[in-house]
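Below, subunit A partners subunit B and then partners subunit C, in two separate complexes.
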Partner chain A sequence: MHCGKYIKSQTVKLCIVVLHIDGIRSPLASRCYSHAKVETDEEFDARWVTYFSKPDIDAWELKKGMNTLIGYDLVPEPKILDSALRACRRLNDLASAIRILEAVKDKSGPHKDIYPYLIQELQPTLIELGISTPEDLGMDKL
Partner chain B sequence: MDNRARGYNITLQLHKDLHILTILTAFLMLATRALSLVGKRAISTSICVRGGHGVAKVDDYALPAYFDRRENPLPDVQFVTELSAVQKSLKEKEKGSWATLSNEEKIALYRISFKQSFAEMNEGTKEWKSVIAGMFFFIGMTGLVVLWQRKFVYGPVPPTFESEWKEKEVQRMLDMRINPVEGFSAKWDYENKEWKK
Partner chain C sequence: MNMNRETDRPPVQNSTMSLAKPAMRGLLGKRLRFHLPIAFALSLVAAAAFKYGVTEPRKQAYADFYKQYDTTKEFNNMRDAGVFESVRPTGE
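Our next item is the complex of A and B:
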């Protein structure tokens, strides 16, 4: 809290007082940012893994979850996708599993190195569940 | 109306409501009992029959629809709604291990649920060619119109455009020393009577 060091003014002294009263480590100027707790990446991932890990997940929940996840400005981590693919297995829905893989490839956009990484990470799961990638089936071509 | 009369009216209304409610609940209980034989669906729809107008027809557009969109990878419904016998047996096989399914079967399962793959839905059209062709065509048409105008609409150009006139004009401008510092006459070499190189 160096704000009083170079400038001796009433408002700055007030600034220091405000910070101490707050008790939180807020930025130097007391700006009007929300005080809501920001979810960390790990928390986000954990939440979604838990969502798809529900043992009796139903088809609607899978669709809703997947569509929502694709709506976010990110490519889901392999562990979330793993959880989603296992949910597809519980629902006996191979088509959705393949669709999910297509969707994340599409989601990566111009970053062509994300999808191969995801497939590499998911390879054990894909083999275990017997899911073919769209490339294996020739569905990535027209 | 005085307060007491209003009070009586209110209680009378409440009584009436209560009567109606009890009669209705009794009717509903009877109705649901009777219709439990017909099936669960019928109960919810038959409640509408009370109005005497029958059950509302559910239009196609009001039901969840299938659509291929990048941002909605898993649509609300399957693409194929009525499965053939082959497809039904495939769906049964899907309940087992997926490793036993052949590639064709996997593709068939995909096609039951989805109409177009991502590759197909993202495929561009060849529309841009028609657009460029149309652009050139209309620019060409405009060109023809302009040429026709020049020939048939516009009159002759004034005499000031003739080369003879122009030569005299340039000579006059040089004699007048138009823009002698940096412009027109500055580029003329008066000694050698030619344009400066």
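Our next item is the complex of A and C:
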């Protein structure tokens, strides 16, 4: 949203100007000095839930959607993942469903509290669709 | 499946089975906003340390050496050592 500059001064060197890396929790597509309406988190989530909810989604669109989603600086919300897992079900793609779980675990990086939370929230969906987690399959060990 | 086995901090909610929603957005941005200025500053410190710890003393050492350098005397020493082709040592 707003890109400020803040000065970091060195005792020896001159003042250095460092640009803010995006705003605090600003949506992904905001640009400095742009007047475009910034998409809220809820709009973003809704857009992705809709994307994966397409009844006749095809395998390419699923992969493309997941790859794009993983490219963002966020871990997808449970509702987006739920929609994606259901798309996998429609495509009879169990492998991608489990891969999605692996991907979000990896996206969490050092934040170990995110993945257990996601599994907790997705538990009803995992049971309904019969999706095993990587942990169930022993795939999380090397 | 008891998820608490996998968390290494105590749960925040009343019930032990319900995890609180963690922050899930902007994690990389937050990390960069913290680490990049530090990295930038440390790089500048490293450059300054190298400049004033290595290059400046080196330049000073050269300056000090050549301040008292007698070119003619050194030339004659080299000449007598026989390292030149254009001029023979004195006395030959």
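Quick notes on this structure:
Everything that follows uses one rule, which is that the second predicted complex is superposed on the first by the 110 of 142 C-alpha atoms of A that agree within 3 Å, B and C clash if a C-alpha of one lies under 4 Å from a C-alpha of the other, contacts with A are read in each partner's own complex, and residues count from 1 in each chain.
FYI, a residue touches a chain if its C-beta (ideal position, glycine included) is under 8 Å from a C-beta of that chain, and two chains touch if they have at least 3 such contacts.
Only a predicted model underlies this, so the values are computations on that prediction, with no experimental measurement involved.
Once the two complexes are laid over each other on the shared chain, residue contacts for A:His111 go to subunit C alone; subunit B is not touched. Judged by the touch definition given at the top, the superposed model places A:Pro134 against subunit B, while subunit C stays out of reach. Of the two partner chains, subunit B is the only one that A:Glu102 touches; subunit C does not reach it.
Of the two partner chains placed by superposition, A:Pro55 touches none, neither subunit B nor subunit C.
After overlaying the two complexes on the shared chain, residue contacts for A:Asp41 are found with subunit C alone; subunit B is out of touch.
Contacts of A:Val75 after superposition on the shared chain: subunit C is touched, whereas subunit B is not.
With both structures placed on the common chain, the touch criterion links A:Gln120 to subunit C but leaves subunit B unconnected.
Touched by subunit B in one complex and by subunit C in the other are residues 136 of subunit A. Residues 70-76, 94-95, 97-101, 103, 106-107, 109-110, 112-114, 117-120, 122-123 of subunit B are the ones touching subunit A in the complex. Interface residues of subunit A, counted against subunit B in their complex, comprise 62-63, 66-67, 70-71, 89, 92-96, 98-100, 102-103, 105-106, 129-132, 134, 136-137, 139-142.
Touching subunit A in their complex are the following residues of subunit C: 1, 3-4, 6-9, 17-30, 32-33, 36-37, 40-41, 44-45, 48, 52. Touching subunit C in their complex are the following residues of subunit A: 8, 10, 12-13, 16, 18, 20-22, 24-26, 41, 73-77, 109, 111-117, 119-120, 123, 133, 136.
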